[in-house]
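Below: one structure, written as C-alpha cells.
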Amino acid sequence: MGRPRFKNMVSAVAVASALGIAGAAVPAAAATLNMAWSQDATGLDPHKQTAFSSLRLLELVYEPLVRTDGELNIVPAIATAWEFSEDGQTLTFKLDPEVKFSNGDKVMPADVKASFERILNEETGASSRANFLSIESIDTPDDETVVFNLSQPDAPLLTAMSSINAAIVPASAIEAGTIGTETLGSGPFVLDSWEPNSREVLSANENWAGGDVGVDGINISVLPDETAILAALRTNQVDFALINDPLVATLVPNNAGLTLNREPVLNYHVLQLNADRGAMAEEKVRQAISCAIDRQDVLDAALLGEGKVTGPLTMPAYATDPSELFCYTPDLEKARALMAEAGYEDGFSAKVMAATGEPPTAAAEAQVIQSQLAEIGIDLDIEIMELNVYVDRWLKGDFDMAVALNGGRTDPYTMYNRYWTKDGNLAHVAHYGDDTLDSLMQEGRVETDPAKRKEIFAEFSKHITEVSPWIWLYTGYSYTAANDKVSGFEANPTGSLFGLSAVTVSE
Amino acid sequence: MSLLRSIFAHPSGRIGGTIVALYIIIAVLGLVGLTPHDPLMQFRIDRLHAPSATYWMGTDLLGRDVASRLMIGIAQSFIVSFASVALATAIGIVLGLAAAWFGTYWDGTIMRLMDVLLAFPAILLALLIITILGPGTWTSVLAIAFVYTPIFTRVVRGPALSLKTREFVDAARTFGSSRRYILSRHMLLNLVAPLTVQVTLALAWALLTEAGLSFLGLGTQPPKASLGLMLSEARNLMEMAPWLLVFPAFAIMIGILGFNLLGDALRDILDPRSRRAEA
Amino acid sequence: MNYLTRRLVTFPVVMLGVSVLVFVSIRLVPGDAITAMLGTEAGLLTPAQRAALEAYFGMDQSWFGQYWHWLGGVLHGDLGISVTYGRPVMEVILRVFPLTLELALLSMIVALAVGLPAGIYAATHAERPSDLIVRIVAMVGQSTPSFVVALLAIYALSVWFGVLPAMGTFTPLWENPLKNLAQMILPALTLGFAFAAAVTRISRSAMLDILSDDYIRTARAKGVPARSVIWHHALPNALIPVVTVSGVEFGYLLGGAVIVEQVFALPGLGRTVLEAILQRDYALVQGSVLFIAFNFMIVNLLVDLAYAALDPRIRLGGK
C-alpha cells in the first residue's frame, strides 16, 4: 500500500507551496515514533470492530462527534458544542467547520447522518447499534448543525457517541462500500499500510483540525511476546509500547531511561457463575462463593497486586466503596454456614474455564480461586482453553464458572444492559436475571439527573453483589511504557491512545 | 540381565542409564507424594521466594514449592512421553507388519499415508490435533503418538520385509505353523533390537515435543506441572526469579540427554554395524 | 520401477494426502473465523448478520464443495484469500518466507562451520579426551530443546553480560543487512546449536567408518601421509551422510521454527501458521501447510539426488 502515502506527500507539497511556507509546517523536532504492541488489530471498520487492539488503532485514524478526556468528561471532537432539549428528546450538535477528512474534504452534517444511519442499519452489523436505538431521525438543517430526534430521553447516549464505534466516516465511502478495506478519517493520523500480525505504518494527518501532530508518523510493530517488547524497549528499537501483562509491566521501571505509565481502566476481572447449573442455582451457594473468595489475595498473587478491588461499577463517577458491598471482606465462617444452609456442607465439584493468555493472568487467577474455594469444599477443575474455543463456549453460556476479563464503559447502562436486562442480548451468558435488576436498569436509562442516576446504579450494584450471579474481583491497569525520547503522552482510562497525537520524539 | 550388564559396560550407557533410572525414581517419588512440600499448596505469603533451606529450589508466583513441582513435573512429562511412545510403537508395529505381510496394495496405501504424516511438520501436526481435541494430558499423548507413528511403521516394515523372505519363515510355513504363530514368534523377535533402540530415542523426542507443546500452553494444564509448562510460567518472571527458569531448563536438558545416551548405547550394543538411525 | 521415478510418481499422491489432511483437520477445530475476529462480542450479531458473515467467509458451502473449489484454485496456482490479511495466501506466504529461508540458511551455515570441523577433529582423535568432550557437547546440544537454549541464552546474555538481544521491529535483509543480521544472529545460533550437534555426530561417525575402511587402510599402508588420507580420501566420502542429515534438517527448518520465532518475535512462516490456526484462517493454514510440505518433499528429493550423485556405489533401484 505505497500509494496513499505517495498521495499524501504530493498533497503536502501542494499545500505547502500554495501557502509559500515550504517546510515551515513541520516542527523541527518531529520524528517517527517506533511503537510496539502484542495484539494486532483485527479489522478496520470502526463501526464493527470491538477488539481492544482494533479500537486503539482506529482511534488514531477516525474521530467520533465527541471524546472523553482523562477524567472521563465529554469534550469536543468533530462537534464543538452540543445540547439536549428541555424534554431530553432532541440532541443538537454544532460541528467544527475546520474538521476535514485526511483527503481534505470537509466533514459535513451529511457525513454524520450517513454514519449513524449506517450504524443503525441492522445489516451493517454495527457492534454498538443497541446503544443508539433511541434515535428516531436525524436532521441536517445547515452546514454546521446536526439534530438527533429521540424516541425517549436517553442519558447514556452522549457517552455512547464518544466511542470510536460511533466514528464519523465519509458518506461517499459508505456509498462506495470501502469502509473496512480503506481508511479515510478525520483523526490525527493516516494509516498508510497494514500488514496484519506484523506492522502498521501511520503518518501525521496534515489536515487534522486538532492542530499539529507532534510526530511525522508512527511505526507499529506487532510483537506477540511481551518479554520481547520489553527487550525491544531496552535496546531502543521501540520508543513506546502497550503492555498487557502486569508481570512484564512491573519490570519496566527497573530500567534506567524507561518510564511506565499506569492508568486504571474500566475493564473488570470477574468470576462468572452459571446460576442455571447445579449447586450454583442456590443463591446461598453463590453467596458462599463470594464470601470465600479473598479478592485482594487473588489480586496480590496473580497480578502482583497490580490493580484495585472493585464492585460492578468501575467508572469513578458511579463507583461506590467496594468494602460496603456484600461479603467483600472475606468470611470463611459465613461461607461455610451458607453452604450448610443450602445443603452443600460437603461441597461439590465444578469446572472453571479460562482462556490462554487472555488476560495473561487468567491461569494464575483460576488457580488461586481454585485453592480458595477448596477451603469451603468446592472442588474446582480448571479448563484452560484457547481464546477461540473459550469465546465459543462463553457465547453459548456453556460453562459452570468462567474467569473473564470483560469490557467496561463509561456509563453503567451501556456497560451492563446486554447482561442484566431481560432482553439484553447476552442475558443467556449472564445466566441470571430478576425484576429488580431489570427495572433498575430501565430507570437508570431514562433518568437524566446525574445524582439520581448515581443512586439508582448504587442500588443496582448493591443488589447484584448480594444475589451474586457473578463475583466481581478487581480492575487492573493499562500500561504504556516509553523511553526518555518520548514526551507529552497523556493516557486515558478508556485505554485510548489518542494522546499519541500530542507526543513528540527527540532524536 | 545380560543387556543391563552390557549397558553399564558401555560408557554412555552407564551415564544415560543412571540418569534415566534417577529420573524414574524422582518421578515415582513425586507420584506417591514423597515431595518436600505439597506441589499444589500455595504458600502465598512466601511467593517468589529464592531457593532456601525450606524451599530448595525456591517458590513460584503463587508460592508453590518449585522442587516439589519439578518432581511431579518430571513424572507428568514421563507419563506423557512413555504413553505416547507406547501408543506409537503399538500402532507402528501393527501397521508395519501389515504393510510387510500383506504387501502390494496394503503396503502402498499404508506407506503413502505415513509419507503424508512425515511431510507434515511435526509440531504443526501436533498443534492441529490438540486444537481439535482441546489441550490436556491425554490429547498430548494422542498428538505425540500420531506424530511418531510413521517412524515406527518404517522401522518395523523394513526388517519385517526382509525377514518375510528368509528361509526360516518359509520353513515354519512348510512345517505348518499358523500365520499368527509365524508373525508373533519369529518376526517380532527379530524386530526387537531395532525397536528397542528406536523406542529409547523416541522417548527423548517425545519429552522434547511435550515440553514444546506445554510451553505453548497446549500440553499439560495447570495446576498440574510439567517441565514445559513450568518454563512457560517462568517466561515472564525469569528476571525476578531466575530459579523458575534454571531448574526446569536443566531438568529437561538432562532428562533428554539421558535417553539419548541410553539410545546410543543400545544401538552400539544391539546393532553394532549400523551407526546411523534410519531417518 | 526405478527408485527416483517412484518418488516422482508418489509426490503428487502424498501432496494430495497432505491437502486433504490439513483441509479436514482445520475444519474440525472448534470455533470459526467469526468468533476469532469478534471475540465475545460475536454475541451481539443477529442471525442475519451471522449468515452474511458466513457467506463472506465461504462457510455456507459444504466441505466437499469448499475442498473442490480450493483444489481447483491450487492447481491454477491460487491458494485462496486469507481472511485475516485480506490478501492472496501466496502473497502472505511469500512475504514471510524470506525470513524463514534466511534463518534456515544461517542456521545451516552455523551448523556446518562448527559441526564439520568438530566432527572431523573428534574422529581423528577418536577415544581421546578431546573426542569425548566434543561428543558430550554434541550430545547436550542434541538434547536441548531450542526454546530452552533461547531462554537460557537471553537470560545469560542480559543478566551476566549486560548484552541485550536485538529484538523488535523486524528489519528485512534487503533494507538494512547489518541491522537484520544483529536481529538474526541469536535465533540462528539457537537453531544452529542443535543442528551443529547433529552435524558433528554424523560427520564423526561417518569419518570413523571411512577411516576403518579397507581402501583407506591400504592408502595408509602405502605410505600416503595421514593429512592427505583424511582430506583427499576420507573426507569426500564422509560428506555423503553429512549432506543427507543437513538436507533433512534444513527441510525441517524451512517449515518455520514455531517456538523460536515466537520467543524472538520474528514474523516468520512458523508464527504465521500458528496464528492462522488460532485465528481459524482456513485458507492460510491450508496454503501454508501445503507450501511447507511441498518444500520439505522437494528438499528431500534433492538430497536423494545429491546422494546418488555423490556416491556412485548407491544404486537407487534397490532398497
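The letters A, B and C name the chains in turn, as written, and every chain counts its residues from 1.
Rule of thumb we're sticking to: a residue touches a chain if its C-beta (ideal position, glycine included) is under 8 Å from a C-beta of that chain, and two chains touch if they have at least 3 such contacts.
On a predicted model such as this, the values are computed, not experimentally measured, just so you know.
Just to note, of A-B and A-C, the chains joined by more C-beta pairs in contact are A-C.
The chain closest to the protein's centre is C, with centres computed as averages of CA atoms.
Centre-to-centre spacing of chain B and chain C amounts to 22 Å, using the average Cα coordinate of each chain. Chain A and chain B have CA centres that are 46 Å apart. Each chain gets one centre point, the mean of its Cα atoms, and the points for chain A and chain C are 40 Å apart. Residue positions of chain B with contacts to 2 or more other chains are 131, 134, 235, 239.
Shared contact sites, meaning residues of chain C that touch two or more other chains, fall at 30, 158, 262, 278.
Of all residues in chain A, those touching 2 or more other chains are 386, 389, listed in ascending order. Partner chain B is touched in their complex by these residues of chain C: 10, 13-15, 17-18, 21-22, 25-26, 28-30, 139-140, 142-145, 147-148, 151-152, 155, 158-159, 202, 205, 208-209, 241, 244-245, 248, 252, 255-256, 258-259, 262, 273-274, 277-278, 289, 292-293, 296-297. Partner chain C is touched in their complex by these residues of chain B: 12, 112-113, 115-117, 119-121, 123-124, 127-129, 131-132, 134, 204, 208, 211-212, 215-216, 231, 234-235, 238-239, 242, 245-246, 249, 252-254, 256-257, 260-261, 264, 275-276, 279.
Chain contact summary for the complex, chain A toward chain C: residues 34, 36, 42-43, 50-51, 122-123, 125, 127, 129-130, 181, 195-199, 219, 221-225, 228-229, 231-232, 234-235, 237-238, 386-389, 391-392, 394-395, 406, 418, 425-426, 429. Listing the residues of chain A that touch chain B in their complex gives 226-227, 245, 247-248, 251, 254, 297, 300-302, 356-357, 360, 363-364, 366-368, 370-371, 382-386, 389. On the side of chain B, the complex with chain A involves touching residues 40, 42, 44, 47, 61-63, 131, 134-135, 217-218, 221-223, 235-237, 239-240.
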